[in-house]
Structures are given as C-alpha cells and as structure tokens.
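One structure coming up, written as structure tokens, with questions to follow.
All chains are identified by letter, namely A, B, C, D, E, F and G, in their written order; residue positions are counted from 1 within each chain.
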Amino acid sequence: MMEEELHHSEHIPQWKKQEIEDIKALIEKYPLFGIVGVGGIPAKQLQAMRRELKDVAVLKVSRNTLVNRALEGSSKDCSEMIDYLNQQCALIFTNENPFKLYKLLEQSKTPSPIKAGAIAPQDIKVEKGPTSFPPGPILGDLQSAGIPASIDGGKVVVSENKVVTEEGNVVSQNLASMLARLEIFPIEVGLDLHAVFEDGSIFTPDVLAIDNDKYFSDIAAASRQAFNLAVNVAYPTTATISTLISKASSEAMNLGINATVLEPEIMDSLLGKAHSQMISLASAVSANNEDAVDEDLKS
Amino acid sequence: MEYIYAALLLHNAGKDVTEDAVKAVLEAAGTDVDEARAKALIAALEDVDIEEAMSTAAVAAAPAAAPA
Amino acid sequence: MEYIYAALLLHNAGKDVTEDAVKAVLEAAGTDVDEARAKALIAALEDVDIEEAMSTAAVAAAPAAAPA
Amino acid sequence: MEYIYAALLLHNAGKDVTEDAVKAVLEAAGTDVDEARAKALIAALEDVDIEEAMSTAAVAAAPAAAPA
Amino acid sequence: MEYIYAALLLHNAGKDVTEDAVKAVLEAAGTDVDEARAKALIAALEDVDIEEAMSTAAVAAAPAAAPA
Amino acid sequence: MEYIYAALLLHNAGKDVTEDAVKAVLEAAGTDVDEARAKALIAALEDVDIEEAMSTAAVAAAPAAAPA
Amino acid sequence: MEYIYAALLLHNAGKDVTEDAVKAVLEAAGTDVDEARAKALIAALEDVDIEEAMSTAAVAAAPAAAPA
C-alpha cells in the first residue's frame, strides 16, 4: 500500500501542488472565505461580477479535488466546509463580514433568461402590452408557447396578463426561447453563496440574510416599550420628565374641571365649559323656537 | 343667555325646567322676566335632550394660568 | 357646575357676582348651597375677566355650535 | 392648583381626601392654608370618583392655541 | 406619580422643589418616601422648565372629537 | 434611559430586576453606575408588572427621542 | 428582542454598538449569546439608523389628534 501511495504522489504535477498551496495561503490570509456556486453563469457575466467585486472580494475558481485537499490541509480547521462543495463552485475571499459578503453577492445578481429544461423558480408571467415585433411567424410561435398574442396597430402585442408557467414546472424549449425574445428574465443569476467560514464558525444563507425593515421596526418597538415602562412607573429621566409633568398637569386639570373645583387657575376653563354648553343648548333650543333665545344667539 | 343658564342650573340641580322654576331663578338673580321668552324656552326645550346638548359642547384648553 | 352657571347667569344679567347673589340664585334653583364653595367661587373669580374667558371658549365652541 | 395636587397626592397614596389631610400636606409644603379653599375642594370632590375624573379628558386640544 | 405630584404642588405653591421639600410633602400625605426616588426626581428636574412642560399638557390633552 | 433598557434586558432574560443585576449590566456596558439612579429604578419597579407596563401606551405627549 | 435592547442600552449610554460590547452586556444579563445573531445585529446597524428608528416611535406615540 505504502508503495502505491508514494508512487501516486510522485505523479502529482507541480502545478496542482502549487494550486493547493495557493488556496491554503488565501485561506490563511483572509479572515473569512466562502464557497459560491457559479453554475449557470455565462462567462461574460462571471467576468463582470469579478470586476464589480474586485475591491472587496477575490474569486478563485479551482478544481474541487484541489479545493478539497486545501480545506483538509488548512491550519484553520475548516474541513467541514467540504460539505458545501459541489459541482461548479468557486472560493471567495474577503475582509468584509459574512453578512456584508452575502449582501454584496445578492446585489451583484442580475436577471437572466431561463434556459430550456430549467425549473421555474416562481410563477412566470407575461404582461399585456406591445412588443417590438412586426406581424410574422413570431405570432404563431408565441401562441404555441402558451403566450396569448395578437396583432394590434400593426404590431404583435401580448393580449393579456397571464401566468405562462407555474413555480416548479419545467420550462419548455419553445417557452424559454419566447421569453428570451420578449426579454423576460425570470432568473436571478449570480454567485450563489453556499456557506462562509470565519473564526471556526460556519454561516449559511438562512442566517446571513438580514431583514433591515425588521430591525428598524424592532428598534422602534423597543424604544416605545422603554418609554412606556418609564412613564408608566413614573421613572424620572431626561427623556421622560417632560411627559411626566405634562401627564400630572393634565390629570390635575381633568380632576379640577370634571369635579368643578373652584380654583383660580381653572376658572377660565370652567367658564369656557359653561359657556360652550350654553351655546350648544341655545342652538338646540333656537332650532325649535327662535323666540326662546337672545338676539345675538339667534342662528 | 341667562334663560339658558337658568335651564342648565335647574337641570344640574336635578329639577324640572318649568316656566315657574326658570322665573324663580331669574327673579332671585334680580332680573325682570320676559314671560313670553320663558314660555318659548320651555316649549322649545320639550324636544331637546339637555344632557346631550351639554355633552356635545366642545371645551377648549384655557390659557395656562400662572400659579396662584 | 352649578356655581359657574349661577355666576354666568348673574354676569349676563348685568348683576354683580357676589356670594349672596350666587347663594340666592342657587337656593331659588333648589340646590343646596355650600358656603365654602360659594366663597371659593368669588375668590377664584377675582382676577378673572369673565368676558375674555368666554370669548376664548367661543372660538373653540364655534364648530360644535353649528345648529343641527 | 396646589389644592388639586394635594388631592391627587392623597388619592395616589390611598388616603382619604379630607380637609385635615389636605391641610397637613399643604402645611408640609410651607403654604398658608385657606380653610375655605380646602373645604371647597372637599365639597367639590364629594361623590366624585377621583380615579375616573383625573383620567377623563376634560379639555380639548385648543385650536386657538391658547395664548401663554 | 406621587413624586411628580409633590413637585408640581410645590411649584404651584411658589416653593423651591428640593429633595427635603418633596420628602416633607410625601410624608405628610402618608406615603413611604424612597430617598433615591426623591433624588432622581430632583436630578431630572434640573434642566427642565416646569412651566413649559406644564403648558404642553394643555395641548396634549385629548383631541376634540372632530366636529361633524 | 439606559437603566430602563437594562431592566428590559433582564426582564427579557427572565431574571429578577435587582440593583445588583442592573449594575452588572451597566458596568458591562462600560458605563459609570449612579447608585441612586439604580436604586430609584428598582424602587419604581416594585410591585410592577413589567410586561404590562411596557406594553401599555404611556400618555400622549411623545418624546423627541432624547438620549437620556 | 434582547439584542435590540442591548444595542439601545449601549446607544443610550453613548457607547459604540460593537459585537464585543453587545456580547458583554448580554452575558452580564445572563443571556446566552448566539455569535451569529450578534454579528447580524452589528451588520444590520450599518444600514439601519438607530436614531431614525427611535424617532419613528416618538411619532407613533403622539396623540392622533393634531387639530386641523
């Protein structure tokens, strides 16, 4: 056995050994790295993404077998990441935190045509409206693909809104082709983050997706709760003292006016209240009989 | 307006708002009573829910009075 | 509120709002008069401009007063 | 308004709002107590559910922003 | 809220709102006084204009039911 | 308001909101702890149902999110 | 919500909301800390403005009644 192994290792090309070392060096150098799926990304798009990300991340495409060896041999004890390697993966290295990385990768995804034979990731719809095509064979092609089309005003139009295939269905060649021609791009294509390794922990997308709106509303809710608690127990602090004074003052006014406490400070309110009641009663009365009220109260 | 206040007063005291009651109150205040008005008032009050008229009255916040 | 109504009734009738006047009006209305409250009323009214207080109320009450 | 605050204080402490209690509180505050005002307060509060009266809005937000 | 009421009582009576004053008032009302709470109150009141905070109350009071 | 947040944190963690617990949390936050304020908080929270107090809308006048 | 409370506590105390600070505070409160959640919080706070979120709370708490 040993002999065979020795024999085998002698035949590992230098470039492969180097590649493994390069990967290990990158793993060493960066505080975190991720495994991304690159399948289905047209070469051009991949290049574009690489450029877009170049200031924040390094993408390294290598054979899985070599990546495997690097992960196993790395001093960072990250061999578990091998679980996240499958066909057509690459490594991505960055100084950013895992959440930022996830966000960047999601943002760098672009809408792309769906390929024939692919599975619709959500319902695919067409919308009523004009196309750029003049009448011709395209009309029949659209219709046979299940897209409602007709001629209007000298052009081919999509005649109604329609779900042309539901989530989970396999997209036929004809439909795929027609959708592409209509420039309907139902797929988000980009670097698909499978997992990130940082400091001995592995993070997966379910943990990495951040809902900013939820954080915003949670902060607002917490702030309200704090205020509620503080005011309800009359805890005097810079943020609550004005409200507490205001509350006490209102309560005193309420009590004074509702119980008709004849104190100087609320006389104006009491007089005003009586006056309002008088006006209200007077108008009800004068509606029935004008002569029941003063000249100046007549409506 | 004093006729209306008289009505409010009687209502608040839980008394019936009658012509005689209104007259008594106004006389106690030292005012001459116009019989016709008093009659008209009582007649007009017949279909009026005093309590309701009072509660629809809006009350404004008075100027914050300086501490006594 | 009876003390207030009594005060405004007298004011509107052009009479002085005194303790005795208020008591007379309240008694005529069949209300029990509390001496202390009558005193407090007059004391509280000392620095109050009744006309002004009522015109502030008038502004606020206006929308509510639109005849039904 | 100090008489009213005295009432709120006693109510909050679970004590009866009596003339003596109010006087004691005001004296502790270093104020001269006007007997009539204290009496008038207690009379006004008779049969009043203080908890309810203090929590029920008596006053509307003034549209004519009350002159300070 | 008793600490707040005590403070406003003193303020309305034209007295300085100090820890000792607040304590005296609360004790007279039969409330157990917590030293720390009295301290905290006075500290919070340091940069507050009580008059101003009280006049906010007039506006913050419940809204007038929108006139129909 | 950091004392209040300390209370909310402890409450959320199912711990008793005690002076020591609050102090520990604030010290971990790198803040100097004012003994009196911590005491005042605990005193204010005595017999209080924190869950209820935090969920019940405190009065109208809103804070301009002033850092405490 | 404990991560949020921790963040607001630090913010209110004028301290930076960092992963270590949040962890220290939570540990002091006796809460188990999930590294990922602490990291997620800090990452979220890069785009979410605490002051802005808190001021939304203030608006919501205000009386619905601003008179027209």
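Definition applied: a residue touches a chain if its C-beta (ideal position, glycine included) is under 8 Å from a C-beta of that chain, and two chains touch if they have at least 3 such contacts.
Since this is a predicted model, take the numbers as computed values, not measurements.
Asker: Looking at C-alpha means, what's the farthest chain from subunit C?
Answerer: Between subunit C and the rest, the longest centre separation is with A.
Asker: Let me spell it out: compute each chain's centre from its C-alpha atoms, then which one is farthest from subunit G's centre?
Answerer: In terms of C-alpha centroids, the chain at the greatest distance from subunit G is B.
Asker: For subunit A and subunit B, what's the span in angstrom between their mean Cα positions?
Answerer: 65
Asker: Rounded to a whole Å, what is the gap between the Cα centroids of subunit C and subunit F?
Answerer: Centres of subunit C and subunit F (C-alpha means) sit 48 Å apart.
Asker: How many angstrom lie between the centres of subunit C and subunit G, each centre taken as the mean Cα position?
Answerer: Centres of subunit C and subunit G (C-alpha means) sit 54 Å apart.
Asker: Just curious, how far off is subunit F from subunit B if you go by their C-alpha centres, in Å?
Answerer: Using C-alpha averages as centres, the distance is 53 Å.
Asker: Give me the residue numbers in subunit D that touch at least two other chains, ranges are fine.
Answerer: Each of 1-2, 5, 8, 37, 40, 44, 57-64, 66, 68 in subunit D touches at least two other chains.
Asker: Would you pick out the residues of subunit A that each touch at least 2 other chains?
Answerer: Where subunit A meets two or more other chains at a single residue, that happens at 222-224, 226-227, 234-238, 240, 242, 246-248, 250-254, 257, 260, 262-269, 272-274, 276-280, 284, 286.
Asker: List the residues on subunit D that touch subunit A in their complex, please.
Answerer: 1, 3-5, 7-8, 37, 40-41, 44-45, 48, 50, 53-59
Asker: Which part of subunit C faces subunit D closely enough to touch in the complex?
Answerer: Where subunit C meets subunit D, its residues are 34-37, 39-40, 43, 56, 59-60.
Asker: Over in the complex, which subunit A residues touch subunit C? Could you list them?
Answerer: 260, 262-264, 267-268, 270-280, 283-284, 286-287, 299
Asker: If you look only at subunit A, which of its residues touch subunit E in the complex?
Answerer: 234-238, 240-242, 244-254, 265
Asker: Taking the complex as given, what residues does subunit A use to touch subunit B?
Answerer: That would be residues 257, 263-269, 272-274, 276-282, 284-286, 288-289, 291-294, 297 of subunit A.
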